[in-house]
Amino acid sequence: MHIILNGDSHELPGSLTVTQLLDRLQIDPRIVAVEVNRVVVKRDRYSGTVIPDGAEVEIVTFVGGGAR
Amino acid sequence: MIIAGRTFTSRLVVGTGKYPSHEIMKAAHEASGTEMVTVAVRRVDLSGKGAAALLSWIDRERIFILPNTAACYTADDAIRTARLAREAGLSNWIKLEVIGDEKSLYPDNEALLEATRVLVREGFVVLPYTNDDPIACRKLEDAGAAAVMPLGAPIGSGLGIQNPNNLLMIKDQARVPVIVDAGVGTASDAAIAMELGADGVLMNTAIAQASDPVAMATAMKHAVIAGRLAYLAGRIPKKPHAVASSPTAGLVTPGAPARS
Amino acid sequence: MIIAGRTFTSRLVVGTGKYPSHEIMKAAHEASGTEMVTVAVRRVDLSGKGAAALLSWIDRERIFILPNTAACYTADDAIRTARLAREAGLSNWIKLEVIGDEKSLYPDNEALLEATRVLVREGFVVLPYTNDDPIACRKLEDAGAAAVMPLGAPIGSGLGIQNPNNLLMIKDQARVPVIVDAGVGTASDAAIAMELGADGVLMNTAIAQASDPVAMATAMKHAVIAGRLAYLAGRIPKKPHAVASSPTAGLVTPGAPARS
Amino acid sequence: MIIAGRTFTSRLVVGTGKYPSHEIMKAAHEASGTEMVTVAVRRVDLSGKGAAALLSWIDRERIFILPNTAACYTADDAIRTARLAREAGLSNWIKLEVIGDEKSLYPDNEALLEATRVLVREGFVVLPYTNDDPIACRKLEDAGAAAVMPLGAPIGSGLGIQNPNNLLMIKDQARVPVIVDAGVGTASDAAIAMELGADGVLMNTAIAQASDPVAMATAMKHAVIAGRLAYLAGRIPKKPHAVASSPTAGLVTPGAPARS
Amino acid sequence: MIIAGRTFTSRLVVGTGKYPSHEIMKAAHEASGTEMVTVAVRRVDLSGKGAAALLSWIDRERIFILPNTAACYTADDAIRTARLAREAGLSNWIKLEVIGDEKSLYPDNEALLEATRVLVREGFVVLPYTNDDPIACRKLEDAGAAAVMPLGAPIGSGLGIQNPNNLLMIKDQARVPVIVDAGVGTASDAAIAMELGADGVLMNTAIAQASDPVAMATAMKHAVIAGRLAYLAGRIPKKPHAVASSPTAGLVTPGAPARS
Amino acid sequence: MHIILNGDSHELPGSLTVTQLLDRLQIDPRIVAVEVNRVVVKRDRYSGTVIPDGAEVEIVTFVGGGAR
Amino acid sequence: MHIILNGDSHELPGSLTVTQLLDRLQIDPRIVAVEVNRVVVKRDRYSGTVIPDGAEVEIVTFVGGGAR
Amino acid sequence: MHIILNGDSHELPGSLTVTQLLDRLQIDPRIVAVEVNRVVVKRDRYSGTVIPDGAEVEIVTFVGGGAR
């Protein structure tokens, strides 16, 4: 299965939930936010949200930045 | 300083970018006495190189985190980024930036107003970065902004408050806090902003890129206190040289009175 | 700040005149953190009405007293006043003022230099109030002044530092402390003086005549610390707007350097 | 200066209000050398007292008349006024003003942009009065404005160019003429606007309310020529005092270099 | 402008150094409309290479020549140079310079005063280059100077008038013409000097080193006229933003009067 | 007949065209513009435009004013 | 005996030393300085300095004042 | 004979007046001034002033220069 992850194409072994994707990527879910097809996924829906084939997925976190 | 019902003892808001290291950032935050720092939202680095998580370098017991929408160039981008920031679990506050031009980094006030309206409806506490236009500030306030954050000078320019008269006008009419965002270069700039009546000052580059960020952070702490106290203390009037025997005496420096 | 071998932790020197009351003066001195105040020499009031002695309102444990020759218009007057001040028993330090003009209260540098030479020979520690002329400052230093005290603006004017470039020149060449004396109106003015490299700031009216002198004294304490730290911390460079394709790129902005 | 294909030899645009008399206005117009004056649109006075028709005091052989929408507070009002002005038969040019606030008389850029879009579609040559926001100016230009007219300071304030950096940014990006509208108080203000690269300057109060309007009009004529020529001639660079032995030497006035 | 009984129609005095060529200098002089230029005194070049005589490039029908003592560092040097200049046969006028410091090129007022006294006694018409110190200017006038020539900024710096308040004070007290000498960078600087009440402006680098000296000379001609006329015309007062209900109303704006 | 003329109520003897109204008011048509019910009346339609009863009529001209 | 004291004429009962004068005027000698005929009198000479008839005497102290 | 001319040593064939010196140096006397041993020589004394052996002679003229 194929998705666009943070702008790059990314191969998945099969259908995954958001929880499974974060786990696979070794990303701590507490400090990120996830968008699937431009819609934010609520944190309590991670385990129930299956990522569709071809989806655009964004995983973001906080980085340094201010009034530059 | 009270914003959206939340009280901040310190009137200095600082950034988290461009520091030489996370260690220095942490020390500068502490030295500044700040109670609110702003952070950007970016894609997670998937390269496996676990970048040290920014948040672990911020003392969240004492410091409130204000996500921002830096680098968004449209209302849609900014709205989407704000939603992601909220979902990342820190809070529903957002420092709203909609940049209008890559070179000046000035805000696009039209798009900013649109994004403010949408986000306020969605329950965000919106703190928009705007230019020093009193009309734009009033409209943002009318749209529900929890504070207005006019720029003092271009982001990163260090030029100081370019148009004090505009800030006076903005503060005079505002019913929400006014936080000068961008343009501060050194301590006196922060003091001037506060003396003009600003409720707070936000800065990043001035501290992070100083030769000694921790010393500059300390300087800024004192400057903001100094400026605020001076504002409250009621300064002496300015007395330019009075030109004798003229009806316009002393009114106008560097202008001059009429002579026959 | 070390003057004539004496170390001062605070870089803020304040006056003792024009306060609403002695009580407020004392509280303002304390709030300012100052370690040196200047006092004038005047004839004793013989009317029997024992005016409360000024000195009893100064905490001499913590505050060094610097007599001045305010209101002297000739070298002779100033020299004579200095001698009396010394005999009054406080110390051999003197803030030397020789006023050249009643309206502007600007110094008469020619007479000032003459009085400095005489008093240095007599063993005084001379701190002359001068204008912001680098040549005059150098000559005073050559004559043995323990510090130079250029004005930032006319006494009592509150106009702030009128000619930053002159102060930079003075500081650049000086081998004795440079204390900006006169012209400060509000906190940012003091911060600017320190950011220009001044070793200290002396003020009176800005504090004494503020609506709330104690609050302003506190503001000034923070402002001087802020300005000094910012100076030491190494501020970011100013970046005025760079005009792409113009031979006059960036030149026209007031205060902008030719090339940043 | 070419606007919408029309060439003006003089870069000075003046108003027609607040003069002591029509006679003085006429003489001032002549002295200024202007080729374009702006006039307001108002209800005819029906009281029978035929006010001397303004237009009869303008030399229409030499002076192009630019109607304005002064005192309009909404896009609709401004559009309606522009249509009336066109029908009154002078031309299809309009100095578009949509005021956002009675006190500051600052423009409402959001409504201004909307009105510009409508009027450009209707074939008007639109010259919008805006604030000194580079983003607003770019959008007005994109909407078809024939020139942009950023304010230098509040209307009637005489404060001069408050934010030279903004004007540099506006001029740097503009492909239509930039005319500084409002804020000029005296001749040097007009010269500064031109030195910053403005294509023209518009003023009213500075001339009409000067003690001697005709003399001031002459002054302004020379000032605009002087500023324009100086801009073209390529001024010498500014050389602030260079502080020795510092990596940031001379960069920053009134900032200062780092010291240990 | 009348100096020592001689009337000058033009208020612009220019230099003769640093031009790309004698041809350009001559054209710039003509474009500037000047009626007085200053020339330095130097040893004749004996190498045989007959340098084109400077004087042949000056239209002495229309232009009065004012020798100067540039590069003299003591009163003696300046006096000796003045005597030679007089003997060279042009006139008994001298622009008196006694430089105090090689880097700043600021005057040594003490030596300047001494040289002025000597030369006035010998019948010279002395025009001393001094700093912007009102006391020094008054003493020079008392010593018999035919005009005083305070600097606006360091020679060649192009920084413009650094301390307008000082110039107002100098002009207010002076009974001889005040000519701002040094510091002008562009046309608006000259206009500002004149608006402050100066009787004339002297400049060299600003014209000679502009990219196009002849265009800049023309600009300066217009700027001096503009500034003078604006001074005479009586400018409108400045109206900074009035803050309604604040004890510090309007005070904090740089350049604002104490009460608007 | 009754109209609102420049904001004030105004009585007319009967139905008039714009040309007739201007004539009655002794206003030179060359330096004014006329709006009837918020629509500008073109100059060449003055004689053909009848002002309806109750109309809001605006007659404007140019006066002094600039950047104040 | 007559002296000029701080600019005003002042009658004394007879010849006095500086110490006696200060005492008579009820002035604490620790916070003043004294000039007799334009020469400062050292503090340790107060008791030995007799004020001559007709002398100009100045007694000064410290008062509030700074950079005004 | 030897003099110091404008700071450099200079050999002369013998005793000369100022006029002769200028002539020898091909210098137009109308645009220069001459100092002998730090005293200015008046223009009408050129022909009567003999330059002494070892004299310091300065010949100056006008060159470009102003407020630099």
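As written, the chain order gives the labels A, B, C, D, E, F, G and H, with residue 1 at the start of each chain.
The rule is short, and it goes like this: contacts are C-beta pairs under 8 Å (C-beta built on N, C-alpha and C of every residue); 3 or more make two chains touch, one makes a residue touch a chain.
Source: prediction; values computed, not measured.
Student: Treat each pair of touching chains as one step and give the shortest count from subunit D to subunit G.
Tutor: The fewest touching-chain steps linking subunit D to subunit G number 2.
Student: Where the contacts of subunit B and subunit E overlap, which chains show up?
Tutor: Of all the chains present, those in contact with both subunit B and subunit E are C, D.
Student: Across the interfaces C-G and C-D, which one involves more C-beta pairs in contact?
Tutor: By the number of C-beta pairs in contact, the winner is C-G.
Student: Roughly how many whole angstrom separate the Cα centroids of subunit A and subunit E?
Tutor: 71
Student: Which integer distance in Å separates the CA centroid of subunit A from that of subunit G?
Tutor: 91
Student: Between subunit E and subunit F, what is the gap in Å from one C-alpha centre to the other?
Tutor: 63
Student: Using mean CA coordinates as chain centres, what's the gap between subunit B and subunit D in Å?
Tutor: Measuring from centre to centre gives 30 Å for this pair.
Student: Among the residues of subunit E, which ones contact at least 2 other chains?
Tutor: 104, 154, 156-157, 159, 165, 169, 186, 192, 195, 205, 211, 232-235, 237-238, 240-241, 247, 252, 254
Student: Got the subunit A residues that touch at least 2 other chains?
Tutor: Expected reply: no residues.
Student: Can you name every chain pair that touches?
Tutor: Result for touching pairs of chains: A-B, B-C, B-D, B-E, C-D, C-E, C-G, D-E, D-F, E-H.
Student: Would you mind writing out the residues of subunit F in touch with subunit D in their complex?
Tutor: Per the touch definition, subunit F meets subunit D at residues 5-8, 25, 27-28, 30-35, 38, 40-43, 58-68.
Student: Under the stated contact criterion, what part of subunit D meets subunit C in this complex?
Tutor: Interface residues on subunit D, with respect to subunit C: 164-165, 168-169, 171-172, 192, 195-197, 231, 234-235, 237-241, 243-244, 248, 250-260.
Student: Mind pulling up the subunit E residues that touch subunit C in the complex?
Tutor: Against subunit C, the touching part of subunit E is residues 100-101, 103-104, 106-110, 113, 131, 133-136, 138-139, 153-154, 157, 159-160, 162-163, 165-166, 169, 173, 186, 211, 247, 252, 254.
Student: Could you please specify the touching residues of subunit E with respect to subunit H in the complex?
Tutor: Interface residues on subunit E, with respect to subunit H: 14-19, 25, 37-44, 46, 51, 53-55, 65, 67-68, 70, 80-81, 83-90, 105, 129, 155-156, 181-182, 202-205.
Student: So in the complex, the part of subunit D that touches subunit E is made up of which residues?
Tutor: Residues 104, 154, 156-159, 185-188, 190-192, 195, 205-206, 209-213, 215-216, 218-223, 225-230, 232-241 of subunit D touch subunit E in their complex.
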